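Handing you a structure now.
Chain nomenclature is as follows: A, B, C, D and E, assigned in order of appearance, with residue numbering initiated at 1 for each chain independently.
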Amino acid sequence: ADLVVYHSWSAAPEVAALNVLKAGIEAKGHTWTDIAIPHNTGSNVNLMSLVTGGQPPNVFMESNPGVYRDLAGMGFGFPLTQWYTDNHVTENLPAAVAASIAVDGEIVKVPTALHIDGMVYYNKDVAAAVGVDPASWTSLDAMFADFQKVRDAGYAPVAVGSQPFQVGYLMHALVAAIAGPDIYSSIYGGDVDPAVFDDPAFAKTLETLRLFSQEAGREAQNRPWNETTNQVITGKALMQVHGDWMKGEWLGAGKVAGKDFGCVEIPGAKSVVVTVDAWGLLGGVSDEMKAAELDFASVVVDPEIQAKFSAAKGSTPVRLDAPAASLDACSTEVLSILADPARQVQSPNNTVDSDWQSSIWDVVFNYWGDPSMSVEDVIAKLKDNYETILG
Amino acid sequence: MSEITIAARNAKGEVTVSRAPYFPRKKKTITGRSIAVLVFLALCALFFCIPLYVVVVTSFKTMDQIREGAMFSLPYVWTLEAWDHAWNSACSGINCNGLKVGFWSSVSILIPSLILSIGISMITGYALALWNVRWAGAFLFILFICAFVPFQIIMFPLISMTAALKVYGSIWGVALVHAVLAMPVLTLIFRNYYKDIPQEIMSAAVMDSGSFWRIFTEIILPMSGNILIVVLIMQITSIWNDYLIGVTFGGPGSQPMTVNLANLITISTGVTRYNDNMAAALLTAIPPLVIYFFVGKLFVQGITAGAIKG
Amino acid sequence: MPRVSFEHITKTYGQVQVLDDLNLAIDDGDFLVLLGPSGCGKTTLLNLLAGLLDVTDGRIMIGDRDVTDVDPKDRGLAMVFQSYALYPTKTVHGNLKFGLAASKLPREEIEKRIAWAAKLLQIEPLLNRKPANLSGGQRQRVAIGRALVKNVGVFLFDEPLSNLDAKLRTEMRLEIKKLHDTLKHTIVYVTHDQIEAMTMATKIAVMNGGVIQQFGTPDDIYERPANLFVASFIGSPGMNLRPAKLAVGGGKVEAVFPSGVRFDVSDYNFVAPPKDGEDVIAGLRPEHFLVGAGDGAATFDIPVQYAERTGPDASAYFNFENELLALRVDPDIAARLKPGEHATVRYLRGKANLFDARSGQRM
Amino acid sequence: MPRVSFEHITKTYGQVQVLDDLNLAIDDGDFLVLLGPSGCGKTTLLNLLAGLLDVTDGRIMIGDRDVTDVDPKDRGLAMVFQSYALYPTKTVHGNLKFGLAASKLPREEIEKRIAWAAKLLQIEPLLNRKPANLSGGQRQRVAIGRALVKNVGVFLFDEPLSNLDAKLRTEMRLEIKKLHDTLKHTIVYVTHDQIEAMTMATKIAVMNGGVIQQFGTPDDIYERPANLFVASFIGSPGMNLRPAKLAVGGGKVEAVFPSGVRFDVSDYNFVAPPKDGEDVIAGLRPEHFLVGAGDGAATFDIPVQYAERTGPDASAYFNFENELLALRVDPDIAARLKPGEHATVRYLRGKANLFDARSGQRM
Amino acid sequence: MALRWSRWSPQLALVPAIAVTLVAFVGGIIWTVYLSLTRSRRIPEYTIDWSDWFRQYDRLFRDDAWAISLQNLIILGIGSALAIVFGFVLAAMIDRERRGESFFRTVFLYPLAISLIVTGAAWRWIFNPEYGVEPFLHSLGLTWVNASWLSSGETAMWAIILASVWQSSGFYMALMLAGLKSINSEIWSAARLDGVSLWKLYTQIIIPMMKFTFVTCAILLSLGVIKAYDVVVAMTNGGPGQSTYVPAFFTIQAMTGRGNLGFASAAAVMMLVITAIVFLPLVLLTAWQQRRSARIAK
């Protein structure tokens, strides 16, 4: 059958990874029709308008649980729990993955890539030249303490891009790392509790974010994350804190993990944010099409293909039983971090109302760009938004 | 009688020959004020050309040179690599066939969109301006209001409507939406233009033929040259440059070139490949630019001929 | 070729009543000129006949047919417009052909008619040109041709000459008249130019304010205007209109002007017997004055104001009772009239017009 | 009030030569009318004088001043435009005042002049209106007012009446003439209307193709046209122009028409002695014919084509040597002329015009 | 003149347009107004909670980004008005100095042909503090220049205004040129003869005479300003912070970013209200003027 695949990827590593899947699909006798809508041009509304317009794609990349609920409400739900059990996939998934693919207790997504949202990737050459070792940092204070050295050596300590999405991700990674999983869940989890905004740990997080923002020069305005990454790759900056998908950029530039660049979690992190990129399948279609969609799912979660996919994309396989030989230093690091289920929290994309999330982004981004805005202002604003949106 | 005029003219001819200028005058050269005006205009023209210059120059540079900064400098080596890449192998999603794919789908969107949007508005404008229709005044007023309605306010309803008509996600869906959104303004433009067609011509045509369509095709349509040029140019550029409608209403295979371009520009690998981006941007802009350079004169003429009025 | 008649026609635009209970009948083969000042309703009347406007009340007959509600193209008439209304994008040939658009005639018949009209109007060499490339006179002929090919009995013309310069106008006037003489169509012709009306019409209807003031032959209109409006509208320089009092007695009827000048109107063809002391307006045409003493209805000894020569003629203006009195005189005589000097002028017998001062009607 | 003269003026637009070595001098207080067909260069000449166009070659003098390179506003003249060119955004008062903008006059002086002009032109009640709210005649007066307030010696008018209807045109014509009689300004007035030219001018310059064909008083122009162009341009219906051959002999000079009719021109005022057998064109004015036998320069017995009445007059057209011969006749006589019948007409002595058939110049 | 030839064909020919108007526009607006009263998220919900029907608007009025959007709308409106002024100046100069008319016209018009999505890239780059004009000017020694307008919330709107003036001036120039050419040439002659200074001539005569053209331009301009979306996406994507939000951008953002159809609908409805407030006076003015000029023509 002809599968219409909707996604928002078009960076080279992403496309390479998609091609891995495409080969798998075609091996099963299906064809792949591509609809690509870039990020930040309203991808999920576009998905919903495709659905409303009566042209829903068969397979779509989507994490937001709300979308799945909406689709189920419109008769397009495609429950997969049974299929996962029948095919013995569930038992091989890390806890964070298993948690993120279920919506209201029913598995509806097909996980394709695993990332940690806040990882430190640093240029080993720069580190060596300056004489700092990020792997040795045990706390953020230690990290900031080394920054002066980096500056003195003529490098930027940390590359940042002033874009809502980069700042938003950094923020929630910092919340998980500094304020810890409980506060994180009270903000970015399914049930928001505005009381945690008053927690001193949250204020500390904001102060830390301010430190990062001070690293952003005028030229950081609107700088895309791949350019940010590129500053580190080309040795202009020491490090970057971002989702580990930036590894794709490193690999794309022909660099080798562990040799050219290193990766560590945010120093002293109390917990890490796990992003699972996942596909949704369209229900309410013919049996033939359902079979084809399930073939797609089986290709995606196939351990061999996972390994190849991850290598291409720069992600970590979503299965614990993916061939270990294919893992690079950073993936190994990620999997080792994920060994402790208590230190994992889910990406907001999987849990939280997009309205709420984007309001946090707005507030945080304003804070980032406006030095005169105080921590108290942020907290007041967030509380206010909470009243409006969820209250 | 004709002989006579010739004779008179001959007489005048003879006088002319035997004459020398008595008060010869220096040929006037350009005045100071003219120079000032021309200099000012030239500076403005320069300002207007800056973005185009930057885009063009960059599209011919290598990435190495671009990294040096100096965006106003000329390329050290002129290379067509970026153009080739943008046209043939740039990726949009999983398909790396370059912009040429989107180019053709843009063309195939453009044509039905033009026909539909101009067709409906033209006939409506004609009926409103030259025929006696009921409630014409009220309808015109509503159209006038509609012309001001922001697209956003009816975007969502339009999705449902095109879905109900089973044209969502196809070229026809995009064409229909273009026609709907352009209809109020274009109708007003056509109506204003047709209003100036002498009433007597319509009277004559009604007495000669009386057929609505026949008068339209044989008399009015051929008289619409000026306005058609203006509207065509306006519509070609706005349809060709449209992104939002294409991305919202175009399904797989019917997304215009601008969507490809956005895919290319918004996310690209590693270093932003400015040269590729600029080449792609130029490729996207070429058709409307070509039209402007060649028929821009007619556009201004059309406007001057009263094509667009309040 | 049918008779055309308007019966009790009323026309209002919104609140404005433009025509009010108008009646008019045109005989077969007549050349009727509708003459009147701007805005008097001439075009309206023509458009009603053509069917381009709806009547508010009344009936329009062409021959025995009530055409009041018939579609314009089916009324069997053809119209020539002021600006010709040629289709600018069609060639002359195309213009003539489109005139037959609704007729469903066979091709050959259409071509035959076009050839006939083109020949008649001498526009054969122009058939492939566009109107923009024609001179004013040629356009005019094409417009007439477009009407001719329709082969109908009634022709309407709406000020077809008013866009032309004086010379061409004279020529086209003659051509239209010749055409009428040849083809004997019934013609309704609108103009506000009295020369046109006088020279072309077999009948003139003088209109004012939506009302027909007088309907008659050109001579009637000029020589025996029915009322003050017609009297003052026709003629250039206009008729001199002066208040006077009738003096009946001694076998004589005289009009006495305020200054005491007595004007003999005994030979006037009164409609009703004149009453002594009645207030009248006397209408004296400039061309019926003669300079110098002699026999006449009256003799004036009045000062010259000035004289002007207009080419073949001259007009002289005298002061009579503190108003200008216009006379048409010979240029040679005009040259001799010196402003300020007195001169004796007399008025021809039998040429005066008298109007009731109150009703304005001819007496 | 100064004398104006054009000396050897040449004007080209790009490649097109519009005026060629033109010379013309206007005396102080003259009312000069530039008369000619459309496109002959009248407006060009006026604009050169006003300084709105630059001459290509030649010199323009106003009084003793060479103004060829002087700025329009400093030439000391005022102009009234065809479309009046009133400033639509200003009131009448503002229009008059704006015309003095550059003059740096004291306020009171400006107001005094405006009051004077407004009074003279009777536009006092209109001073606060905008041009859009004025009638054609009122606009005309304001335009003249704007020129008057400038208090200059030379006035230029570019077809100021051509936008008006016939009646208003006659009135305005008189007003302008009166104004000239009162103020005695030098006036240069452009028109293509010969009636306007004949009635207003003290001098007329007839132009054609950028060349002055004749310069003289209205009578000169009408009675003694200098060449065929002037002869055919002036008069309506136009002069009848017919080829003939001179027959000199027996103390008589005669023009013999091809049909053999002999026309006695012994009393003609030849510039050069007439030669026997010379080819000439005879110019006969329609109004110099008389119907009936009697004394005259020639007698024709020719068939009537048709006659038309134009109100006070009538024109009759005869067939003479297969072309129409136009005559002006009395309406009563016209009524008696039946198409097809022969009639005898004669031409007044001493009224003929003769032109050299080759050069077209008056003999 | 109202003519009688009314038959079925013209009425029928209007059916598509009337259908489009009623269904798409009138229907669409009603639909959106309705949605703005619901709690619709990504897909429409059709239940209205009447006890709290105003919630979306309530939220909108308290939303800082919305306030910024409105403020920016005004700034953009005032700023873009420069396009009219600039367009007029260009037109006046081209009209006076006929040399090179067609060349200048083409140059000033070409930005209209290109989508800002395309030229936005160039503009962003021009304002880039690393590669753009600023380092270029600094290298010329003009180190006091700050041309990195996109980097700060205070100046980012300037960049947007500049780009939109750049894009639209040509169009206004064309309209103005048309207006200027329709002015009777004798007015210029009269003014020259009167010795009126150019400044006075333009300010007191020409510009007032062209007020109709100016009103047209103003209508088109405000239309463009209210609908402005592309230019923001192309130049700043709303940033820095939310400093360059405008209502149209806000609305789309509410739909795409926040996935909140009800909220977006409320914003869209407010856009319509603003449009009405801005245009009603203009529309009435135009209608009044037209009636007046029609009366004068009589």
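Everything that follows uses one rule, which is that contacts are C-beta pairs under 8 Å (C-beta built on N, C-alpha and C of every residue); 3 or more make two chains touch, one makes a residue touch a chain.
It should be emphasised that the depicted structure is a prediction, and the values quoted were computed from it without experimental measurement.
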If chain centres are mean C-alpha positions, then the most distant from chain C is chain A
Judged by C-alpha centres, the chain sitting nearest the middle of the protein is B
Maximum number of contact pairs occurs between chains B-E
Whole-angstrom distance, CA centroid of chain B to CA centroid of chain D, is 52
Whole-Å distance, C-alpha centre of chain D to that of chain E, is 56
Averaging C-alpha coordinates per chain, one finds the centres of chain A and chain D separated by a number of Å equal to 93
Residues of chain C that touch at least two other chains are 47, 51-52, 71-72
Among all residues of chain B, those touching at least two other chains are 156, 203, 206, 210-211, 262
Expected list for chain A, residues touching two or more other chains, is 40-41, 46, 52
Interface with chain A, chain B side, in the complex: residues 91-96, 156, 159-160, 162-163, 166, 168-169, 173, 247-249, 251-253, 255, 259, 262-264, 266-272
Note: in the complex, chain C contacts chain D through residues 38, 165-167, 170, 177, 193-195, 198-199, 218-219, 222, 234-237, 285-287, 308-313, 328, 335
Seen from chain E, its contact residues with chain A in the complex are 41-43, 59, 62-65, 124, 128-130, 148, 150-153, 236-243, 252-253, 255-260, 263
The residues of chain A that touch chain E in their complex are 40-46, 48, 51-52, 64, 66-67, 70, 73-74, 162-164, 217-219, 221-222, 354-355, 358-359, 361-362, 365-366, 368-370, 381, 384, 388-389
Within the complex, chain B is touched by chain A residues 4-5, 7, 9-13, 15, 18-19, 22, 32-41, 46, 49-50, 52-55, 224, 226-227, 229-230, 233, 249, 252-253
